[in-house]
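Below are two complexes that have chain A in common, paired first with chain B and then with chain C.
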Partner chain A sequence: MLAYTLKRLLAGIITVWFIATATFIAMHNVPGDPLMNDKAVTAEIRKNLERKYGLDKPVTEQYFIFMKNMLSGDFGISFTQQNRQVNDIIRDHFPVSATLGVLAIIFAAAGGILWGALTAIYRNRLPDIIIMFLVILGISVPGFVFAALGQLLLVNINSLVGYSMIPVAGWGTFMHMIMPALVLGLGTMALLTRLMRSSMLEVVNEDYIKTAKAKGLSPTRIFFRHQLRNAILPVITVLGPQIAAITTGGFVVELVFAIPGLGRYFVQAVQQLDYTVIMGTTVFYGAFLVLMVIIVDILYGFVDPRVRLQ
Partner chain B sequence: MRTPLKQLIALFLLSLANATVLSAEFETTAVDYDNQEITIALTQEPPQLNGMKATDQVSIMVLGHVMEGLVGYDRRGNVVPGVAERWEIDDKGATFWLRKDARWSNGDPVIADDFVFAWQNTLKPETASEYAFILYPLKNGEAINQGKMKPEDLAVRAIDDYTLKIEFERPTGYFIKLTAFTSYYPVQRKFFESKSDRYGADADDLLYNGPFRIKDWVHSASLHMVKNEHYWNKDAISLNAINAEYITADTRSRLNLFIDGKIVLTRLDGETYKDALTQKFRIRRFTTGSVFFLEYNHRPERITRNVNLRKAIQHVFDADEMVNKVLATPGNLPGKSLFPVWLGGVNDKFRKEYKAPEATIDIALGKKYLEQARQELGIDKFPPLVLLVSDSPTAAKQAEYMQGLLKARLDLDIKIDIQTFKQRLAKMTAGEFDIVGAGWGPDFDDVMTFGDLFASWNLNNRGRYSNPEYDKWVRVAMNSADPQVRMDAMGQLQQILFDEAVILPQYEQGVIYLLHPKVSGVARRVVGPDPDFSHARVIK
Partner chain C sequence: MNMTPDFSRAEHSISVEQISRPSLSYWQDAWIRLKKSTRALISLYIVIALGLFTLIGPLIWQVDPALQDLNQISQPPSFARSAILVGPFEREETLIDPNHPEEPAEYPDVIPAPQGLRVVGDATTQHIRIAWEPVDGAGGYAIYRNTHEPEGLNDLGLPLGNTMTGNEISYDDRLSLNQQDYYYSIVSTDGFDESDAYTTLKVSPAAAITKTEAIQRGLLEPDSDAAFGDEVQLEFHPLGTDYLGRDMLARLMEGARVSLFIGICAPFLYVLFGILYGGFAGYFGGGVDSTLMRFADFVVALPFLLFMILFKIAFGIGPGESGIMPMLIAMVLLSWPGTARLVRGQVLQIRNNGYIEAARLLGAKDHYLIIRHILPNTMGVILVTLTFAVPAAIFTEAFLSFIGMGVAPPTPSWGSMCNEGVKTMLSHPHELIFPAAFISITVLAFNLLGDGLTEALDSRMRSRE
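Let's turn to the complex of A and B:
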């Protein structure tokens, strides 16, 4: 188990290095000039800006400087917020995205497993058809539509009850998090429902289920101990990357609900060619995704004993 | 060994521990009459509150509430005393006498040296301030900014703690208006040096001398301003707090917050305008002072250098149609000139004293000019012209309108090149366009902020228009403090811009917005911090 974990970790580090290098190359080849703004600046000021951000050096040298700094955990100063460290930006804003992401994933996983199991039980009957219709809706409608609709719903609820029962936007209390988390988790929940449903249907025909039935176990016991536990494996597989996707992909939700998360910085940095923030957030998110995959791999060993043996 | 992964894990754990820092109390409403507090939304996180380097609207708006320059503006946009009690200005320079009761938020007096220090620092090349040029009227300012002189050589001296003496590089008739600008705010030397790179990064990394101070600032989440007890004129300030509780660029989200009674002001766009109408809100208008125009590429290798081609387009374009049918939101004015209608002239508005020449809309005449251009250029058929625009929905709509118009009326083909903000700027600077959708917002309240835009030496003249006659009149205006001489020169510039069809003015930008009915005294400004809540109050 230890060798297995170490091997995964090493692969993870190489992956992160690769992400960093690929992003670095891509970023420097995106057209546009990071130091250019509405007001044109004199050649002298331009030179000073280039010196400040190390852009006066050849790109290969910039790459090695960046790698060296990254290894010591320093991503430098933001181009747009010229007195904030990229590390500070990640430290201040990732917890917000993470909190929201965790809530969303709890909602998505609980819902996905529940609805998925339900559709499998009622296969091809009315509840199955209704839920699967909603699932297709959840997968195909983009997040910003749900975000706008969700917010509008809150406005209407509040005007109906006559006071601000649930905040329309902002961040701070649990009440602020409910709607954004629901909206953010919706797509994942739909995905998990489908996955859970097909996985449940596969398991139902397995020999061990027949054996369990033959032994005379109660249907509830068969459902929870044998069917659900086996069917949940594929769900756990996608859960890792989904956690990473949810905690990083909240740009629209963060914008609509005025949430101070890292997703906004991630997207805006690319739009504004903020080199240091692009590198910092991409490497951070990349590492986070890799970490999630590793954790899932290790968790697999606990849920499915066969994995441990390999 | 410290691996990056370990670092990241540590960072992650640390950040979770910090999560509580980002929570704040939230049961606020748009207005609080008893406490005289209002809640607002910012459209973006202020990139930085270092007044020497700030360039964006939001930073300038926040700084306008927490800082004060030598002078300020009243509700109607007239200059009123600020830190300076009185002043004398002539062709050679200016002297300001500072009030003795102006204080920083730590209780220290605001002294003349605070201005000397701030201005030297802004001009230092190492500061790399994008607005350094606005201090060029100060003697030696430009030379310092180009690294040819030392910051100490700036001809601005503190005679004593309360007397500031300034020498000009050249006569600057509008100098008093400049001193209200963000880049002219004071900075305390001692405080700045104790903060260095962190200056303006957080609430306690700034020293305030304006009507408000920042109590706390949670990045991207909220920014709370409270009345500054050390402000010399605090009795004239009604509001106790301005709470920016939301930060989002999403106009629909802000409209929802307004409907829910959470914020006092929000700007509308084409989409949210319709929703606001159905809600029966009173919709207010305001002209931002910015002018939008099509700028031609005047570089030698471009066919848009041909004046008759430009005149052909001038004679088929209808600014009224642009404003009413394409932009289609209230508040915009048809563009007739580079100089917007609000600019002051000698005694009245500039545009009343110097009427903007207008081209007749005459398709036949346009075609005649086009034929002339074709012969001069010695070509059979015009190649498609590249129209460079930014990637906003409105810009795309306007570009498509121009494309359709020029095809229908002149049979000219337009190739629209939509680019992101930074890439558009890069292409503009490199000259990779025939026509570019551009705009200009005023930096200070004087015709010069528009007039010198097409001087051959101006770096913002990205079409590289170069005309000795134009340069001559800009110099005339620059070297005189006599309003009549200056305005006459600007009148000449307006005529040249028209005769040579240097640009195609399209519209003067207007915005529409909603304001809470219980808030009064909010000032909207063409120049300076906008919106300005300094003298606002909550009414019953």
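Let's turn to the complex of A and C:
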């Protein structure tokens, strides 16, 4: 298990290096540069500015400086936000995105497992048909439509209650988080429900369920102990990539609900060609996602003893 | 003795062994299975209909999607195609009841609402005149207009104006009237304060247009001899117009071209690349395989949306370009490893099958094996992947265009139309609903078709029956 973990971590580090390099190459091919935004800079000032930010050096040297700084955990200073460290931006805004993402994942996983199990119990009967119809809707309707509809719903709820019970936008209290997390988790929940349903139906036909029935276990015990536990395993495997999808998919929700998360800053940085912020954010996100996938894979080993034996 | 044989050899009139059903190829069989699933079949028809909408639609509906008409901003969907030609507005004297005092001698505590609310003359979108009976004790009237039936005193809607004397009993409304129902409410006032009672009248104005405007908008020839009261054909916007007065239907068709182009071309290209890459790795195996696949693993690990945005801007958009190509290239660069992995797995599996070995023994060359045996056997899986890749690509395009990182305006795409529509979601919902519905229906159809294809092509499914 330890060897496996170490191997995964090493592969993860190489992956992060690859992400950083790809980001660097992509960034340096972008037409224009961050200094272009300033009004009529004279050649001399421009030279000084380039020297200050290290833009006058050859690209390979810039790359090594970037890598060296990154290894020491320093992503540099933002080009557009005066005297603001990229680290500070990440530190200030990532927790917001992470909170939103964790809430969304919890909601999606809990909902997906619950609905998936329900549809499997009521297979081909009304609850199954209704839930699967909603699932197809959840997969087919784009997230930003849900975000807009969610806001509309909040407006109606608030006007019904008579005061602003659940804020329509912004960030701060738990009340602010409910609707964005629901909207963000909806697509993933639909996917997980589908997966859970097929996984449940596959497990029902397994021999150990027959054995359990044959030895006279109660249906509830068979359901929870044997069927549900085994059916959850495939759901856990896709949770890693889904965390990735949710954390980066937060842009839209953050934009629509005016949440000061990292996604919104990334979009803003891209529009302003803020090199350091873009590179810092991408590498940070990439490292985070790689780590999440590794953690989920290792956790999977704990949940499923069969994996540990291999 | 002439012996005739009392038996003769029986003729085979029935062939004993007969193949009762014709032999089916893999694809014929798959097609029969697909036809059994109603859902898959309906989604196939929807996909075909969408294709027709995109390709043939613009030939039938020849309206310029970029044509702005600032006179018709954010019109809701309507089927009204004609309007009555009217003359220029001529101010008429306000109706005054000569038998009624301008101001009552004494204001009562409670002033009742006016009665006999009615429309005077024709109610058109150019001009509505309403009139009412004077009220004893009123020193004036306040006129309100709403687009729905008022639910109370706080819901009378837009305050249009006041009459300043108790005997002025009509009001001319010319304030941006559309062809829809209006609810006029009249409240009596004592000159300053309004009473608590109101009466409401529902008015449905007829579409009307002045001759000058009709000529300006090109609906009439400048030297036309059309008389007032004639009907004029208006521009027809069956799905309404957007915030710049552009025809929604034409824009949806134009947007469908962009969205479906990206949605179909990008998956096609990256699946093709994935087949080549994965097939190469899988067929040759060994060191080539592990090196190629290690690289694919790295590409998979790139955060997809972040890199979509990065690559898209790295390829750059010049002025006047739509940014479709950069998006296409970025999508291909980031999405191929999925197919490559899948195809490699398939090829590895097929490579070890007996028939490949047999063909090799018979002297088949590599290229013959690949083209004749391996590729056809992976086609099923590839087709399913392709079907599921289309909705994913459409979603990505819509998502990027929605956050303003996708197709550059003025080129419409369903995603950017949603982006524009969401801003006026409450007042003009049709601007969001139509593009969003098109995205949803397309994605739904391709997803269901993918499900149907999986069932039709998956060999595991057959053995289960």
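The rule is short, and it goes like this: the second predicted complex is superposed on the first by the 309 of 310 C-alpha atoms of A that agree within 3 Å, B and C clash if a C-alpha of one lies under 4 Å from a C-alpha of the other, contacts with A are read in each partner's own complex, and residues count from 1 in each chain.
Quick note on the criterion: contacts are C-beta pairs under 8 Å (C-beta built on N, C-alpha and C of every residue); 3 or more make two chains touch, one makes a residue touch a chain.
All figures in this text were calculated on a predicted structure; none of them were measured in a lab.
Asks: Check the residue A:Thr80 against both partner chains and state whether it touches chain B (first), chain C (second), both, or neither.
Replies: first
Asks: If we overlay the two complexes on their shared chain A, which of chain B and chain C does A:Leu152 touch? Say first, second, both or neither.
Replies: In the superposition, A:Leu152 touches chain B and chain C alike.
Asks: Can you tell me whether chain B or chain C touches more residues on chain A?
Replies: After superposition, B is the partner touching more of chain A.
Asks: Once chain A of both complexes is superposed, is A:Gly138 in touch with chain B (first), chain C (second), both, or neither?
Replies: Neither chain B nor chain C is touched by A:Gly138.
Asks: Scan A:Gly280 for contacts with chain B and chain C and give back first, second, both or neither.
Replies: Touch status of A:Gly280: no partner.
Asks: After lining up the shared chain so the two structures overlap, which partner does A:Val267 touch, if you call chain B first and chain C second: first, second, both or neither?
Replies: So A:Val267 only meets chain C here.
Asks: Mind working out whether A:Gly112 is in touch with chain B, chain C, both or neither, as first, second, both or neither?
Replies: Once the two structures are laid over each other on A, A:Gly112 reaches no partner at all.
Asks: Between chain B (first) and chain C (second), which, if any, makes contact with A:Leu255: first, second, both or neither?
Replies: both
Asks: Who does A:Pro31 touch here: chain B (first), chain C (second), both, or neither?
Replies: Touch status of A:Pro31: both partners.
Asks: Counting contacts the way the document defines them, which residues of chain A are shared by the two interfaces, the one with chain B and the one with chain C?
Replies: 31, 148, 152, 255-256, 273
Asks: Can you list the residues on chain A that touch chain B in the complex?
Replies: Contact set of chain A toward chain B: 9, 12-13, 16, 31-34, 36-42, 44-45, 47-49, 52, 70-73, 77, 80-84, 87, 89-96, 98-99, 148, 151-152, 154-155, 158-159, 164, 167-173, 176, 255-261, 264-265, 271-273, 283-284, 287-288, 291.
Asks: Enumerate the contact residues on chain C facing chain A in the complex.
Replies: 297-298, 301-307, 309-311, 313-316, 391, 395, 398-399, 402-405, 415, 418-419, 422, 425-426, 432, 436, 439-441, 443-444, 447-448
Asks: Chain C touches which residues of chain A in the complex?
Replies: Within the complex, chain A touches chain C at residues 11, 14-15, 18-19, 22-23, 26-27, 29-31, 136-137, 139-145, 148, 152, 244-245, 248-249, 251-252, 255-256, 266-267, 270, 273, 278, 281-282, 285-286, 289-290, 293.
Asks: Could you list, by residue number, the parts of chain B that touch chain A in their complex?
Replies: 2-5, 7-9, 11-12, 14-16, 18-19, 21-26, 29, 41, 45, 47-48, 50, 53, 55, 125-133, 145-147, 197-201, 205, 218-221, 245-250, 252-253, 256-257, 259-262, 419-423, 425-426, 429, 459-460, 462
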